[in-house]
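Comments concern the structure below.
Lettered A, B and C in written order, each chain numbered from 1.
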C-alpha cells in the first residue's frame, strides 16, 4: 500500500468516525497482515496534517486519540448551522440504554455479551453526560469493571415512577406488535383497517386471485 | 469575501453537518447582508468538488441538498471502524421498498397484489422507522387506504440524487453502466432546471413538500 | 426428513434440483418471497418460455415444492395454496374444448398469470438493482466532525419510550439467535432494588441490614429487597457480616 493510500484511509476514517481515534483503532482498520506499523501510522498522520494546512480542517490529538475538527475561525459561520431535524441517538446507544435499564446494575462487558458487539466508550459517555446512566459501583471480579445503572433523571425523562413501570420483558418478546404507541403504529393500524375494507371490495371483483385476504400467515417468512 | 473563503466555509459546514445541506441552509450560514447569492454558492460547490478530486471524500447531491461522503473504494477499511454490522434487511422488506419507490403513491393492497403475498405490518413499520417511507395520503376509494411514498431518507440511504436516479424499470436488463452518478456540476445544473420547473408546479399543489414531484420513472410505463 | 408424503405417496426423491443437505432445505425454501417468486424460479430454471408456460408441468413442479414445504412444517403462507388453486384452474380451463364464441377473441387462460409474473419479475429485478447500490453505513459514510469553538448548546436528541423498547426488542431478537445467552431473567423490580441497595451501602462503613427494608412496602417489597440482597451477595457486590447468632447483620460494600 502506498503512503498516499494509507494517508487517505486514515483521513477517511477520521472524517466519519464521530469520535477521536487512537492509533490502535486506526491500526484495526486494516486486515491482519496488511496492518501498517505505528511508525507508518504516525507518518500518515503527519502527512495528513501537512496536507490539511491552509484548509478549513485541522488534526488534533487529545489524550493519544486523533480527531479532525474545523478550525476555530469558522465557528461564527458554523454557529449559524441550524439543525434541520432534531439530532438522534444511534441504534447502538438506544440498545445500550435499554439494556442498562432492564439489567442494572450491569457492566460494560455484560452489555457487550448481550448485544453481541462491543460498546464504545463514546456511547457510555454520551449517556452519562445526558445523566440518564451513572456508575453505581464496581464489580468484584478481576479488573473491577464499573457497574452502570439508570438515574432518577432517566425515570423523569421517560415519565416513569419507577423502573417497575417499564413493560415486562415477556410482553416485548411475545407479540412484536404489542404495545405500539407510535404514530407509525397508528398509521399501520389505519392502513390495515382501510385494507380490510379494500379487500372486501375487491372480493367482488373476479380477477382477484391472490390470497392476500388470508393475511398474516405470510408474515413468518417475512421477517 | 474571497471565493477561497466562501469555498472553505461551505466545505467546513458540509464536513460538520453530517446530513445533506440545501442551498438555503448554506445561505443561512452567512450574516444578513454578507450572504452570497445562489450563483456564488453553486460556484463554491463546483470549486469544492474540483478541489476534492483525488481525495477520499466526494460531494454528492441528494434531493437538491449536498453532502460530503467517503468514496466507495474506502468501504473495506471503514467497515472495520465500528463493531456494529450494517443492518441486513430481508428480501420481503426490500421488495416492498422497491415497489413503493417505483409505484408511489401506492397502497398496501397494491403492493400485495404485485408481490402475491401479504405485506406484514412489521415490514411497513421497519420501513417507517428507518424513515424510508411515509404515508403520503389516503386513496379516495372506500376505506381510504393509506398511500405510501418514499422519503428523502430513502434517497440518502441509497445514495440517490433523486427518484429519477432509480434505474428505469423497463430496461432493467443490461445497461450496467447506469447508476453511476453524474458529476455534481451536472447535477447542480439539473437541479437548477428542476427547481424552476418545480417552483412552477408547486404554485399549483401547495401540499407537495418533497422532491417526489419529478415522479418515479416507473409510473408512466406501468399503469 | 424420514416421512415426507406428497399427495399420499411417500416422497422418496426430492424434486430434481433439491440435492441439498436437509438442513439447507428450509433455508432455500424460505428464500422464496412468495408463490410468484417460486413460480418464476421454476420457469427460469428450466428456461421455459414465460409467454407459453407448459402449465401442467409447472403445476406439477410447483405442487411438489409446496408439499415439501408443508412436510418440513414450514409455516406455509396461504398464498401458496391459493396459487396452487389458480394453477389447477388454469390447467382445467386449458383442457376444456374452446367454446365457440361469436367473434370474441378467446383469452388464453394463462394471460393474467403471465401478466402478474412479468410485472413481479420487473420489480424483483428492480430490487436487485436497488440492493446493489452503494448504501450509507455499508459502502459510504457521511462526514461528521466537530467544529472547534462552536456553541455547545445544541439540542439534545429526543427519545420516546417506544423507541427505547424497540431497541430492546431488536436486542432480544438478536440474542435469541444465540440461545446460550442468559439474559434479563431476573424480575425488573429486583434489578432496580439492587441499584438502590448499592446506593444505600456506603463503601466506607457498615449499613444495618434492617435499614435496607421498608416495611411500608409490604410483603412483596420485603421479598424483592431480600432477593436483591441475595443477588448482590451472589455477584460479590456486597457482603453480609454477623458477629454472633442473633446479632445485628451488617452490610458491607465490596467496592
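What to note about this one:
We adopt the following convention: a residue touches a chain if its C-beta (ideal position, glycine included) is under 8 Å from a C-beta of that chain, and two chains touch if they have at least 3 such contacts.
Nothing here was measured: the structure is a model prediction, and the numbers come from that model.
Compared with chain B, the chain whose C-alpha mean position is the greatest distance off is C. Overall, the chain located most centrally, as judged by its C-alpha mean against the mean of all protein C-alpha atoms, is A. Distance between chain B and chain C, defined via averaged C-alpha coordinates, is recorded as 29 Å. Work out the mean CA point of chain A and of chain B, and you get 22 Å between them. Centroid to centroid, with C-alpha atoms defining each point, chain A and chain C lie 20 Å apart.
With touch defined as above, residues shared between interfaces to two or more other chains in chain C number as follows: 33-34, 77, 79, 83, 141-147, 150, 166.
Multi-chain contact residues of chain A (touching two or more other chains): 12, 15-17, 57, 68, 70-71, 74, 78, 81, 91, 176, 180, 210-212, 214-215, 217-218, 221.
Taken together, the chain B residues at the contact with chain A in this complex read 8-9, 11-13, 15-17, 19, 25, 28-30, 55-57, 68, 70-71, 74, 77-78, 80-85, 87, 89-90, 92-93, 107-109, 112-113, 116-126, 128-129, 135, 138-139, 141-146.
The touching residues of chain C, when paired with chain B in their complex, are 31, 33-37, 77, 79, 83, 116, 119-120, 122-127, 129-131, 133-147, 150, 166. Taken together, the chain B residues at the contact with chain C in this complex read 12, 14-16, 18-19, 57, 67-72, 75, 78-79, 86, 91-92, 94-95, 97-99, 101-102, 114-118, 129, 156-160, 166-167, 169, 172-173, 179, 218, 222. Residues 8-9, 11-13, 15-17, 25, 28-30, 55-57, 68, 70-71, 74, 77-78, 80-82, 84-85, 91-92, 117-118, 120, 176-177, 180, 184-185, 187-188, 190-199, 201-202, 210-212, 214-219, 221-223 of chain A touch chain B in their complex. For chain C in complex with chain A, the residues that touch the partner chain are 30, 32-34, 74-79, 81-83, 86, 112, 141-151, 154-172, 174-175, 178, 181, 183-184, 188-189, 191-192, 194-195, 198-199, 235-237, 253-255.
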